[in-house]
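Below: a set of structures, written as structure tokens.
One chain, chain A, links the two complexes that follow: it is found with chain B in the first and with chain C in the second.
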Partner chain A sequence: MTIAKSRTLIPQKTRRAITAIVVSVILWEIGSRSLSWLGVAIPGISAVPPPSAVANAFLGVVVEKSYWYSWYLSTLRVLGGFLVAMLLGIPLGIMLAINRTFNGIVFPVFEVLRPIPPLAWVPLAIIFWPTQGLSIGFVTFLGAFFTIVINVLDGARSIDGRFYSAAQSMGASRWQVFRRVILPATIPSITVGAVVGMGITWEVVVAAEMISGSGSSMGRAGGGLGFFIWSSYLGGSYEQIIVGMISIGVAGYLCSSAVRMLSEASTPWLKRR
Partner chain B sequence: MKPNQFEKSGSTELASPIVGGEIVAQDVSKSYEVDGEQRLVIHGCSLTVERGKLTVMIGPSGCGKSTLIRLLAGFEKPSSGAVLVNGKEVRRPNGDCLVVFQETALFDWMTTRDNVFFGPRVRGTFDKAMLNKANALLAYVGLEQFQGKYPTQLSGGMQRRAELARAMINNPDVMVLDEPFRGLDAMTKKLMQEYYARIFAETRRTTLFITTDIDEAIFLADRILIMTNMPMRVRASINVTLPRPRRLIDVFDSDAGNAIKMQALTILHEEAMKSFSQGSAAATDFMNAYSMRVDRTQSAGNR
Partner chain C sequence: MSGVVSPGGFREAAPAAVLAELAPFNSLSPEVRRKLAERARLDDFLPGQSILDVGQSAHTLCAVVEGAIDAEVPSKGPIPAIVVILGPGDFFGFECFLPHPSQRTSRARAMTNARILSLDGGDANAALMLAAPQTRAALAKEGTVSRRLLDALDNAQSAMSASGASVPKRRTATQNSMNKLGNALTSPRLYLALIGFAIFFSLWQLSVDTMRLPRFKELPTLVSVVKEWFSTNPDYGLSIFVGEYYRHILISLERVGLAFFLATGLGVPLGLSLGWSKRFREYVFPLFEILRPVPILAWVPLAIIMLPSDESAVIFLTFIAAFFATTLNTMLGVQSIDTSYIRAAYCLGATHAQVFRHVIVPGALPFIFTGLQIAVGIAWFSLVAAEMVSGQFGLGYVINTAYTKIQYPVIVIGMVTLGFVGYSSSALVRYVGRRLMAWRERELALNRVC
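After this line comes the complex of A and B, so read on.
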């Protein structure tokens, strides 16, 4: 079995993924050109630019610095918001879980703020923060923050009581219990919150850039990927809209993969055997 | 896993007898408020876990044994009465009395090795000597090869041995084992019982061993405490004077062993009838234990 497997250059999983993507692109191309090729316009898809045109548009923007500047800006906003959300969210979640008084005071406020969609904060964020970048970063932060706090809170609260008893009876101080039991036992929940939170930050950053964004000194294409899509729409370049969308898909995928890899590295005891 | 392994590793400290402590519970009661009503879990319970002896406590599940353990180890305070370890009243958990919990309380996120190191580490007493002791202990419980593994990668029997090692490194005066072999398959359970009996024989550390299994109780015990159903107290105390080292086969081939079993089961049956008439679910446990006696007597009669 192993010998047979090692003979194929590309693993089966990758082959399947590549096949699926290629077939999707072909179907898309056929769908987009259905009117001229088949004589019938397939509703919806026939209005979408075909992948060949999108590829062409991509070759056009890929050489532009402003396109990559948009990547940079969006990624910066996502990572900035995400990291701040982790830095504030993890301690807050743990505090809410272990301190009853703190929970009694803070949790009601938290629960009122939590259902407010991050995008509802956009107008306030623009008023509140001095620069556009900070406003968008703040909204991005909110997207990840609540998810992370809720996950950490649940994780820290569901730590088995036997772990505390065992640690205490072996002479662990409160700080030691925190450092060696609560914190590591919460890591799996932190990683779940991080993976979900990372997904949300990309959703939020794009919408926030569409609502409040503007081009940078690099021009209209350099205002973040969300703004890139929006300005392409306003400029009537439908191929570029798709380029922007796929760019976000790829960027989100890369970020989520990175978070997932870090998660797995930080929870070696959950490794699947 | 051989008994003489310590001599080989140059550390005789582990296998040499340990002067253990003593637990005394004086007229201990504990009640909890459940739905606005006071519920008495333990009532007027007095007992002694003698120095250097293996005392086995047996009673139906849900009778309050685990609550009593929490009191003995200082996790909770009794509503009235007192718990003394070595003559000192227990007020909070301390290293004197260590509990090995039901199922497993190994820290999932630490390797076996780090689990065993936990006690010395958190107390800041981890040094070269302790490292040697830890390594010797890991070898003693047969986990030398598995010290880098996480608890979920160990078998049930290995987990229990890791947990014993984690407790033993702290050199507690008293160890409390709360149904430590519950949930193991029959074969592993028997192996662990024999294995544990040998550890005890070598160290003779004062131990309170909790179980619901009468055979396990007789095999291990110097003394068996039979507990009543809730509210719990000591119903009877039986001395088990079978010579050590014991073997599982010997215990139940000997008249002395069977006499003790009959005696214990008779008392357990009385408790069963009492709790049965009160409609307690725990009665089933007693009845099951009792039916074992009936089966054995019948099969003996048929022979």
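After this line comes the complex of A and C, so read on.
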């Protein structure tokens, strides 16, 4: 019996995962159709469209050009905000770590601004930036920026002081200390910051699009995936809300995996342990 | 007449004579020094000889009289090892100041021929307390060596108060805070921070108001924000003198509080079970992982459809954000526990319930609190979004309506208030976490002492 079990192609873990997912999808279907099937509406779930209807709506949306344009717009904003946050955040974090005077002047202001949730910046961003795309991009940037700076700062601070002393006593110049000691030692925390920052970026972009977004010339779903969800809600096509949620989940997951893979590729020495 | 020469090549001497020349004890009265010398001893060590080692009982404070030694605090977890070379006049072995007769956490070896004075830890502590406060001031000026000694005493005291042991008062609270104030005024940090804020505010004022740069001139000016915020009769009806302002804060706090407690109440047990039972984890965790990448804000429309009122939708959104962070961290906390603890407990005959209560829960606690801290941050983050999209009252609502009504200064008031309230609630969670995990703090303090 045990031998037979171990010979099955799919490991137990995967089988359990599949069972759990299938069972919950079936429960969801029963729950949403409870009014017509059982005659009793289960509060909450009966308002949600059933998975079969969602799958149907998904097939309808996949062929639409505007759906893919939403993907494109959201991804563009996320990548734009994220890249700018990396480009500005990494040097700032390192500067804060290595220069005491700079740290003394800048860090308190930074710490006062940091607890303000990125979404609270949305109205000011809309007022300031000339286009909607730029203001959403700016809020996205803020979401990732603070996380990246803090991670880089912590990473550069936690370098063992003996490494500096050793490098200096062997005659390394300031640039060499930076290039050979500080930078490599900071890369692991940069990558941690990048992974976390990417997650926040997707959260922020969706919200920013919902709060500020409006359809573009491409029609109803032209304002990004967040706006796709919001307009589906306003338009009453509830199946599409779930299609949108799944799309964002997939998009966020893909981006995070990509960042994680890049991180692992850039810190090969961490894998050996 | 030359004295007797010891194996180390040093002249014979009595502890009392050494004490009379050793700072900070040389500033004590001869009477106190004599008492101290009664139980003190001098030892000579050869190069390489161990003076003290990790795990030995720690009841003496040691000072280098002659020669050089190297002391090492071994690395512990993430805390790297500390190695110092000590010379005449330096103290080591500060573990003796800890509340219960403890063990050495550092090791020390003679590098050259060395002569070491050992004082009874209790005696030394008492003598230094007797010396307070005038001598303390003198001691602080003596230089780094004495300051290290005083720091060690302070650290030991904070470790004692963290562990709940009674601490003999050495300084009054006012003295303490005056001291802190003095330190703050003499260090450059305060002035640098002031410069930083001055630059920030003047950039704001210059770009928005004075120079009216393109795009910047649309933003609210610094003066208008401050005027509105502190006005007894605000133009847009929101300032620190208006009850409405506090009502918004209170409602936001209420929502975050409710969501946070729900998330803790459900997330911690779920995370513990996910970490504890492999079968449960294999069934439930995949579902969790499918839902997790969906951004919280994408739940907004669904929450509005599913739940009876806007209010419950806002709380649901705030809750779900905090819930994922709490559950995941709790699960990781359980998985981080060294399995040998669990096996050891079972070997000693513990039941499942006992292992759960005495190994799993305390072992996961540090991670749980990290999770709760993250959860508070995320809760505020999503509360703002939820309040901006739907809902009445609350700080997110203030910001959004100020935007739509073109009352721009109110936007900044809302943002700053949010930042302040959010920061305070995180600090509160951090504080509670530290109090509940005093045992861990004490362990870290032990490492700092030496």
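Here is the rule we go by: the second predicted complex is superposed on the first by the 242 of 273 C-alpha atoms of A that agree within 3 Å, B and C clash if a C-alpha of one lies under 4 Å from a C-alpha of the other, contacts with A are read in each partner's own complex, and residues count from 1 in each chain.
In this text, contacts are C-beta pairs under 8 Å (C-beta built on N, C-alpha and C of every residue); 3 or more make two chains touch, one makes a residue touch a chain.
The structure presented is a predicted model; accordingly, all values stated were derived computationally and were not measured.
J.: Put the two structures on top of each other at chain A: do chain B and chain C fit, or clash?
T.: Once both complexes are aligned on chain A, chain B and chain C clash.
J.: Figure out whether A:167 sits in contact with chain B (first) or chain C (second), or with both, or with neither.
T.: A:167 sits against chain B, while chain C stays out of touch.
J.: Is it chain B or chain C that touches the larger share of residues in chain A?
T.: Between chain B and chain C, C touches the greater number of residues in chain A.
J.: Return first, second, both or neither, reflecting whether A:253 touches chain B, chain C, both chains, or no partner chain.
T.: second
J.: Between chain B and chain C, whom does A:134 touch in the aligned arrangement: first, second, both, or neither?
T.: neither
J.: Touch test for A:88: chain B only (first), chain C only (second), both, or neither?
T.: A:88 sits against neither chain B nor chain C.
J.: Tell me which partner A:20 touches in the superposition: chain B (first), chain C (second), both or neither.
T.: second
J.: Mind working out whether A:181 is in touch with chain B, chain C, both or neither, as first, second, both or neither?
T.: First partner only.
J.: In the overlaid three-chain picture, which partner chain does A:113 touch, first (chain B) or second (chain C), both, or neither?
T.: second
J.: In the superposed model, only one of 61-69, 97-105, 133-141 or 169-177 in chain B has C-alpha atoms clashing with chain C. Which one?
T.: Among 61-69, 97-105, 133-141 or 169-177, the clash with chain C belongs to 61-69.
J.: Which parts of chain A are in contact with chain B and also with chain C?
T.: 160
J.: With touch defined as at the start, can you tell me which chain A residues reach chain B in the complex?
T.: The touching residues are 160, 162-163, 165-173, 176, 180-181, 184-185, 187, 267-269, 271, 273.
J.: Sort out for me which residues of chain A touch chain C in the complex.
T.: Against chain C, chain A makes touches at 12-13, 16-17, 19-21, 24, 43-45, 47-48, 101, 104-109, 112-124, 126-130, 160, 202-203, 206-207, 210-211, 226, 229-230, 232-233, 238, 241-242, 244-246, 248-250, 252-253, 256.
J.: For chain C, which residues count as touching chain A in their complex?
T.: The contact residues of chain C facing chain A are 80, 188-189, 192-193, 195-197, 199-200, 215-216, 218-219, 279, 282-287, 290-291, 293-302, 304-308, 380-382, 384-385, 388-389, 395-396, 399-400, 402-403, 408, 411-412, 414-416, 418-420, 422-423, 426.
J.: Could you list, by residue number, the parts of chain B that touch chain A in their complex?
T.: Listed in rising order, the residues are 70, 73-75, 93-95, 97-99, 101, 103, 105, 107-110, 118-119, 121-123, 150-153, 166, 170.
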